[in-house]
Amino acid sequence: MFMMPNLRTARAGLMMGAAAAALVLTSVTADAETIRWARVGDALTMDPHSQNEGPTHTLNHHIYETLVGRADDGSLTQRLATDWGISEEDENVWVFTIREGVKFHDGSDMTVEDVVFSLDRARTPPSGMAALHAAVEEVTAVDDTTVHVRMSGPAPLYVQNLTNTFIMSKAWAEANGVETSPNFAAGEEAHSVRNTNGTGPYMLVERDPEVRTVLRAFEDHWADAPEVTEIIYTPITEAATRVAALLSGEVDIVQDVPVQDIARLEQTDGISVVRGPENRNIFFSYDMTSDSLASSNADGNPFASPEVREAMSLAIDRNAIQQVVMRGESQPSAAPLPPFVNGWTEDMHAFGDPDLARAGELMAEAGYPDGFSVQLDCPNDRYLNDESICQALVGMLARINIQVDLNAQTRSLHFPLIENWETDFYLLGWGVPTFDSQYVFDFLVHSREGSYGSFNGSRYSNPELDEKIQALATMTDLEERDALIAEIWDEVMEERIFLNVHNQVLAYAMRDGINLDVHPENQPRMTTVTFD
Amino acid sequence: MLTVSAVYAGSDMLAFILRRLVQSVIVMLTVALVAFALFRFVGDPIASMVGQETTLAERAEMREALGLNDPFVVQFAKFVTRAATGDFGISYRLQQPVMELILSRLPATLELALVSGVAAFVFGVGFGVYTALNRGNWLSGTIMTASLIGVSLPTFLIGVLLIWVFAVELQWLPSFGRGETVYIGNWWRTGLLTESGRASLILPAITLGLYQMTLIMRLVRAEMLEVLRTDYIKFARARGLSNRAVHFGHALKNTLVPVITITGLQLGSIIAFSIITETVFQWPGVGALFINSVRFVDVPVMAAYLMLIALVFVVINLIVDLLYYAVDPRLRVDRANTRH
Amino acid sequence: MAPLPNKPPLLSVRDLVVEFPTRRGTLRALDKVSFDISEGEVLGMVGESGAGKSLTGAAIIGLLEPPGRVASGEIWLRGERIDNLPREKMRRIRGRRIGMVFQDPLTSLNPLYTVAEQLIETIRTHMDVSEKEARARAVALLDRVGIPAAARRIDDYPHHFSGGMRQRVVIALALAAEPELVIADEPTTALDVSVQAQIIDVLKEICAERGASVMLITHDMGVIAETADRVAVLYAGRLAEIGPVRDVIQAAEHPYTVGLMGSIPTLTQTAERLTQIPGSMPRLNAIAQGCAFNPRCTHAFERCRAERPELIARGGDRQVACWLYDTEAQDV
Amino acid sequence: MADFTPGNRPNALARAWDSDIAWSFRHSPLAVIAAFVSILIILAAVFAPWIAPHDPFNPASLDLMDGFTPPMEPNAFTGNVYWLGTDNQGRDVFSTILYGARISLFVGFMAVLFAMVLGITLGLIAGYRGGWLDSLLMRVADVQLTFPSILLALLIFGVARGFIPPAYREAMAIWVLIVAIGLSDWVQYARVVRGATMVEKNKEYVQAARVIGAHPAKILIRHILPNVMGPVLVIATIGLALAIIAEATLSFLGVGVPSTQPSLGTLIRIGQGFLFSGEWWILLFPSITLLALALSVNLLGDWLRDALNPRLR
C-alpha cells in the first residue's frame, strides 16, 4: 500500500519522527531530576479521603501525608506523627504526637486542628476511608502537638489503619466547600477532585485525569529535599504499550510490568528491573455449605465434602503455576495470607508435591469417582495473569475428573458474584493493608453479617470461630492475641476454606541509573528514588 | 451542483430536513433507552467504586443513594430530563461532570478520526481509481493484495506491531499519547499544531484508517469498474472527451455517489472503532474514556458517550443524505414522488 | 450518388478484420469488410444481431472493447488513415469528425450532469469557444433537434426528459462539434414505435443540413428503406451485399438479402428474427467453410461449401458476395 | 475437455470444468493459490481432530510444564518437542491453531450468513416498499449503527447471561458471538441493497414486470437481487475476514469464546502479550494463519466477483 502518493507522507513522518526522537533525547538529558512514571491506571481522584483505592493512594502519598507511614518491610514509620501509642489512662484512646513546623503547599502551617478535621472527614461518609475508622468515637486536639482518638472499645491495631489516611488543610477545605469528601450522588464536581493542598513532598502542578499528572517538589517540605524534583505521571492501560514506552525511552519507570516481560526487560541494555513480594495473596474458594451447586451436574454439593477439598489441594501444582504461568515471579504458598502479615507461619506456607493418585482416591471416597462439573468464575483484569492461573487450574482439576467451565470476565462483573453469593467456585486476591490476620478473618472467614464476611464467598459459617474473630478486635495482650490468631488459622486450614495459590511478586522496571525499591503495598514513593 | 435545481428543490429539502430532525430525536431517545437497558448487564458500579473494606450494608446504601435501585422507567426518565439540559451527571469514577469530561476528550478523538478518515478517503479513492483504471497491471495487483493485509489482521495487533516497529525498534515515532498539545480557544486542545503532536498522530491514524481505506478503495474500484462499462461513459468517449474528463469528470463522480453513503457511515464507525486504537495507543479520547468507563461501570459516562455517538451518527447520516440529495439529481424526483 | 472519381470518399473501409482472442482461440468478428461512404451519403448497415454491425461502427470510431482489436485492414477518413492513429489523435477525431449515437438514450446520458453541462463540455472539448458561446450553440442545437423551450430545459437533468426527447439530446450531443460523419447505432430500437420515425427524421434532416454523412446501423429494413441512400448487408461478420437502397430492396441478389427483404415488418408487427430463412446465423466459432451462409442457403452448391465468395461487382455500384453471380466462372 | 468419457455425470463435470468460471479460475494464478490456501486451512480446521497431534481443548491432556516450549526445541522440563512450540498453557500451538481456525471459521461463516440474509432482506424490503416501512427500517439501521459493535456484543452477552443457565453458557458463547457480530454487520448490506433497489425499481423492466402483475417477491429476487450481488459480494468477502477479526477484537476486550477453547483471534490476543517477551511463536503462527486465511478468502472473493460479472471480464 505504500506507493507514490504515500511516499511524501512517509518521508514527512520520518522527519517528524526524527524530531520526536530528538525531543525525547533532550528531555532526558536536560533535566535528569524529572521522572516520567507510567502505570496501568490513574488515581481516581485527588481528594484524600474519597476513594480507598491503591493507585489513588499511591499518587496522593506524594501530595498528602499520613500520620504514620509504612516502610518497605511492612513496619510503621513516623510521618506527620512523631509518636503514637495507646493512652496509659484509657485503653480506648490512641494518642498521637503531631510533627511541628509542617507547612501546607499554600504556605499555611499545619496544626492539630487540621489533623482532627482530616480524621473526622475521613471517617464521615461518604468518605471511602470510613470503614477503616468505624471504631472511632471522637477525635480531639489536646494541645498544640497532641491528638487523641477515642475508640468504641480497645483497638490495639487501629494505628495500622492510618497508613492511607491523609491530613489536609481545614481552612482550605472550608474555603473551597469540601468539608466532607465528595459525594457521587451530589451531581457536581468537588474542588478537591482536581485541586490539592497537602503537606507532602510534591505539589500538584497539572492534573489531566487519565492523561497526565505533573508534580513538582515542594520546597518548604519538612523533610530533606528528594532527588526527584519533577514527576510526570502517565497511565498506560495496555501492557504492550507500557513496555514499549519504556523500551523506546518515553518513560523512565514502569510500575506494572507484565510478568512475561520481566526477564526480557532485565536483559535489555539500559533497563533494570527490581522486584519484591507484594502484600497480596491469590487463592481459590468455593461454596462449602449450600445443598447443591447451580453450575454443577453433581448431586449435592461436592465442595461440602472435606475429601473433595483435600483432593483439590493435592491436584493443584503450585510450582508449575509459578514456573510457567508466573514465569517464576510469584511465591507459591498454601497459606492464605502474605508473609508480611501477623499470623503467618512457615507451616501454613508449606505444601507438598501434587499427588494425583491420592487425590483420585479421595474423590472416590467422597462419592465422586467419576468426578463432577462446575463453573469457575475468574476476573481477567484484576490480578497478575489471573485468567491464566484459572486456566491452569482447569487443566489440573481435569486430571481428577473435575470438569471446570471457566468463566473469565472483567472485575466489575466478577466481584458482584462473590458479593451476591452467585458463584460456586471463584478466584480472589486479598491484600492486607493492616498487616494483621484479623483483617483476613473479618472479611473472608467470619459469617456474613453486618460489616463482617463481605467477601466470604464460601458461605462458611462457624459461630464459635466468629466469636473468636470478634474477640481479636479488642484484645490488647498481643501475645494472647497471637495465640488466638494461630488457633483460628488452625481451624481455617483444617477446613480448607481457601485453596491458596501464591503471593504476588511486584516488579518495577526503570531506566538504568534510577534506583527505586519495591513497596509491599505497591505504593512506590518517588522521594525514595536516587540516581547513580 | 446546488445551484438552479436547489432553488426549486428548496421547499422539498426543508421538509426533508425537518422530517429527518424529528426522526433524529426518536433515534436519540431509542439509543438512550437501549443504552440504559444494557447498563444493567455491564456490571455493578459499586464494586468499582468502593474499597474491599466497605460493608454490604454500605454498598446497599450507596446503591440507593445513586438511584440504582429505582425502577428502570424512573431512572430512564430522570436521565432523559437531565440529559435534555446537557446535564449527564457526574462520573462515578473520576468525579468530574460528565459533560466536561467528554468535551475535554472529544477533540482528541475528533482529530484522530478526522485525520484517519480523510487519509482513508483520499488514499482509498486514489488507490481505488488507480486500480480500476489500471486493471491488470502489476502495481494495481500489488496494491489490491497489499491493502488486504489491512483487513486481515485485527486492529489491536496492527497497532501493537506498529508500536513495536516504529516506536521500539526504529524509535521514529512515539508509542503513546498525544504529545504536546495547545489550546485553540477555551476548550479545544489540539495536537495538530505541535511537532510532537503530529508525530504522535501518525501511528494511531494509520491503525485506525487502514481498514477504512481498504474498504473505500475496494468499493471505489468495484463501483468505478461498473461505471466505466456504462453507456454514458462509452458515449462520453465517443464524443471525444479526454481520458481525464471521462475518468475524473464523469466516471469518478458517478462512482462516488454510492461510495459517499458507505464512507459517511464509515466515518461514524471510525469514531466507534477508535475505542480499540485509543486503548492501544493510550490516546486520551472519548473511546478510551468509554472503555475505561465500561471496566469501572461508570454509567453516567457510558450513557453520555452513547448519546454522543448517537448524535454524531445522526448528524453524519443527515449530512450523507443531504450530500446524496445534492449529488444525485435522480433522488430529488424520487423524494418528491414518495411525498405524494 | 456515385462518388466523384478524383475525390476520395469520406470514409473508406478496406478489408477490415476485427478479432477477439478468447480461450478457445481467436474469433473473427469482422472478416475483410470493405465499403465506402461518400460525402453527404446515408449508408444503412443491416444484419441480424451479432452480424458485426455495431462492431464495424466501434472499429471506425476506435472504441472497440478490449480484447477486441483491429487485426488487419485499413480505415481511411477523407484520405487520412485513422485505424492506426495514436490514441490522442484518434480522440480528437471522435466527436469532432465522427459523431456517434447509441442505441439506448436512457443510459447514454450521464445522469449526474445537466444536459447543458454535457453539451457545453463536448463543444468546448473540440472548439475554442467561450462558455457563453458554447451555451448559445448548445441551446440552438437543442432547439434544432426539436426540444421545446430549449433555453429553459437545457439545465434539466437527463431523467427529466422522456425517451424520445433524450434521444434528441443524444443526437444533439453527437452533432455538437459538427462532425462529418455520424454513426448511428440502432438509434431507435429502444424507443416507442410512435417516436422512432421522428427521431430518424431529425437525424436525417440535421445531417443533410450540415452535409454530414451517416452510417445508420439497424436491423430494421423499414428504416433503411426510408432513410438510406445505399445499404450494406452483413452476415456473420462478412459483407453479403452492398448497393443503392432501391436496387437492393427491389432486386436483392444475395440469397440472404432476399430473405431479409422478406422480413421487412409491416406496420402492425416487427420481426427480430428472420422467419423466412430456416436456421439462424452461426456463432462466430462455428462459421461454415466457404460461404458463411451456405448451410441455410437453398441455392448452395459445391463451391459455396469450399470457397469463400469475394464481393463481385454487379454494375450500378452494386456488389454481392455470392458464387451465383460469379460470371467469370460461369464463362469458363 | 473432450477426453472425458461420455455419460451424464462426467459430462456435467466436463461442462463445469469447461465453463467460463472454471476457465477464468484456471487462468488466475492468484485465485488458484488463494483457493488452495483457503481450502487447505478449511480442511485442516474441519478435520482438526484427526490431523492435530494433540487435543488442546481437553484440559486433562495438558501439562502446564510444557508451557512456552519454543518450536522444534525440547522443553526444558519435560523434554517434549512441538513443531510450532507451545503457548502459556502448554498447548501445542499447531494443534491449537487447527482447533482455533475451526471456531473462527464457523463464527465467520455463520455471522456473515446471518448478516447477509438479514441485511439483504431488510434492504430489499426497505428499498422496494419505500414509505414509512423504509423510514422505519432505516431508522432502526441508524440506531443499530449508532451502537458500536463492541457494545452490542456486550449487550447480547449480558442478555445471554441472564437467560442461559450457567451450565450451557460456555456452549452458547459461540452462538452469542455469531449473533453479536452478525447483528452489527447487517446494516452495510441493507444500505447498499436498499440504495440499489431504489434506483433499480424505477427502471422500465421492473416497472414492466410490475405491470404484468409479477409478485413483488419475484421481482425482487429475479430482477433486483442479481443487480446488487456485486456490491454485496464485495461486502461479504471482506465481511468474512471482518467477522473473524471482529471475533478477535472482542476477545481483546475480554468478551468472546472461553480461553480454554481459543479461536484464532483469541490465540492472537493471548500471543500479543508475548510480543516483547521473546515467545514470538505464540503470536506469529496464529497471526500468519489468520492473515493467510483472511487474505486468501478476500482474494477468492475478488476473483469471484470479477468472474461472476461478465461485464467486467
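First chain written, first letter: the chains are A, B, C and D, and each begins at residue 1.
FYI, a contact is a pair of C-beta atoms (placed from the backbone, for glycine too) under 8 Å apart; a residue touches a chain by one contact, two chains touch by 3 or more.
This is a predicted model, so every value here is computed, not measured.
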Interface ranked first by C-beta contact pairs: A-B
Chain of greatest Cα-centre distance to chain A: C
Distance between the CA centroids of chain B and chain D (whole Å) is 24
Averaged over CA atoms, how far is the centre of chain A from the centre of chain B? Could you give it in whole Å? 38
What is the distance, in whole Å, between the centres of chain C and chain D, each centre taken as the mean of its C-alpha atoms? 51
Nearest whole angstrom, what separates the Cα centre of chain A from the Cα centre of chain C? 88
Do you know which chain B residues sit against two or more other chains? 42, 149, 160, 164, 168, 294, 330
Of all residues in chain D, the ones touching two or more other chains: 272, 275-276
Which of the residues in chain B end up touching chain D in this complex? 23, 26-27, 30-31, 34, 37-38, 40-42, 141, 144-145, 148-149, 151-157, 160-161, 164, 168, 214-215, 218-219, 222-223, 225-226, 229, 258, 261-262, 265, 268-269, 272-273, 275-276, 291, 294, 306, 309-310, 313-314, 317, 330-331, 334, 338
Touching residues on chain B, where the partner in the complex is chain A: 42-45, 47-59, 61-62, 65-67, 87, 89-90, 92-97, 100-101, 123, 126-127, 139, 143, 146-147, 149-150, 160, 163-164, 166-168, 170-179, 195-196, 198-200, 202, 210, 213, 279-282, 284, 288-289, 292, 294-297
Show me the residue ranges of chain A that touch chain B in the complex, using the header's touch definition. 1, 3, 5-6, 13-14, 16-21, 23-24, 44-45, 47, 50-53, 125-126, 128, 130-132, 182-190, 193-194, 208-212, 234-238, 240-241, 244-245, 247-250, 381, 410-413, 415-416, 419, 430-431, 443, 448, 450-451, 454-455
So in the complex, which bits of chain B are touching chain C? 4-5, 230-243, 245, 249-250, 253-254, 257, 327-330, 333
What residues of chain D sit close enough to touch chain A in their complex? 58-60, 62-65, 67-68, 77, 88-90, 166-167, 169-170, 254, 258-260, 272-279
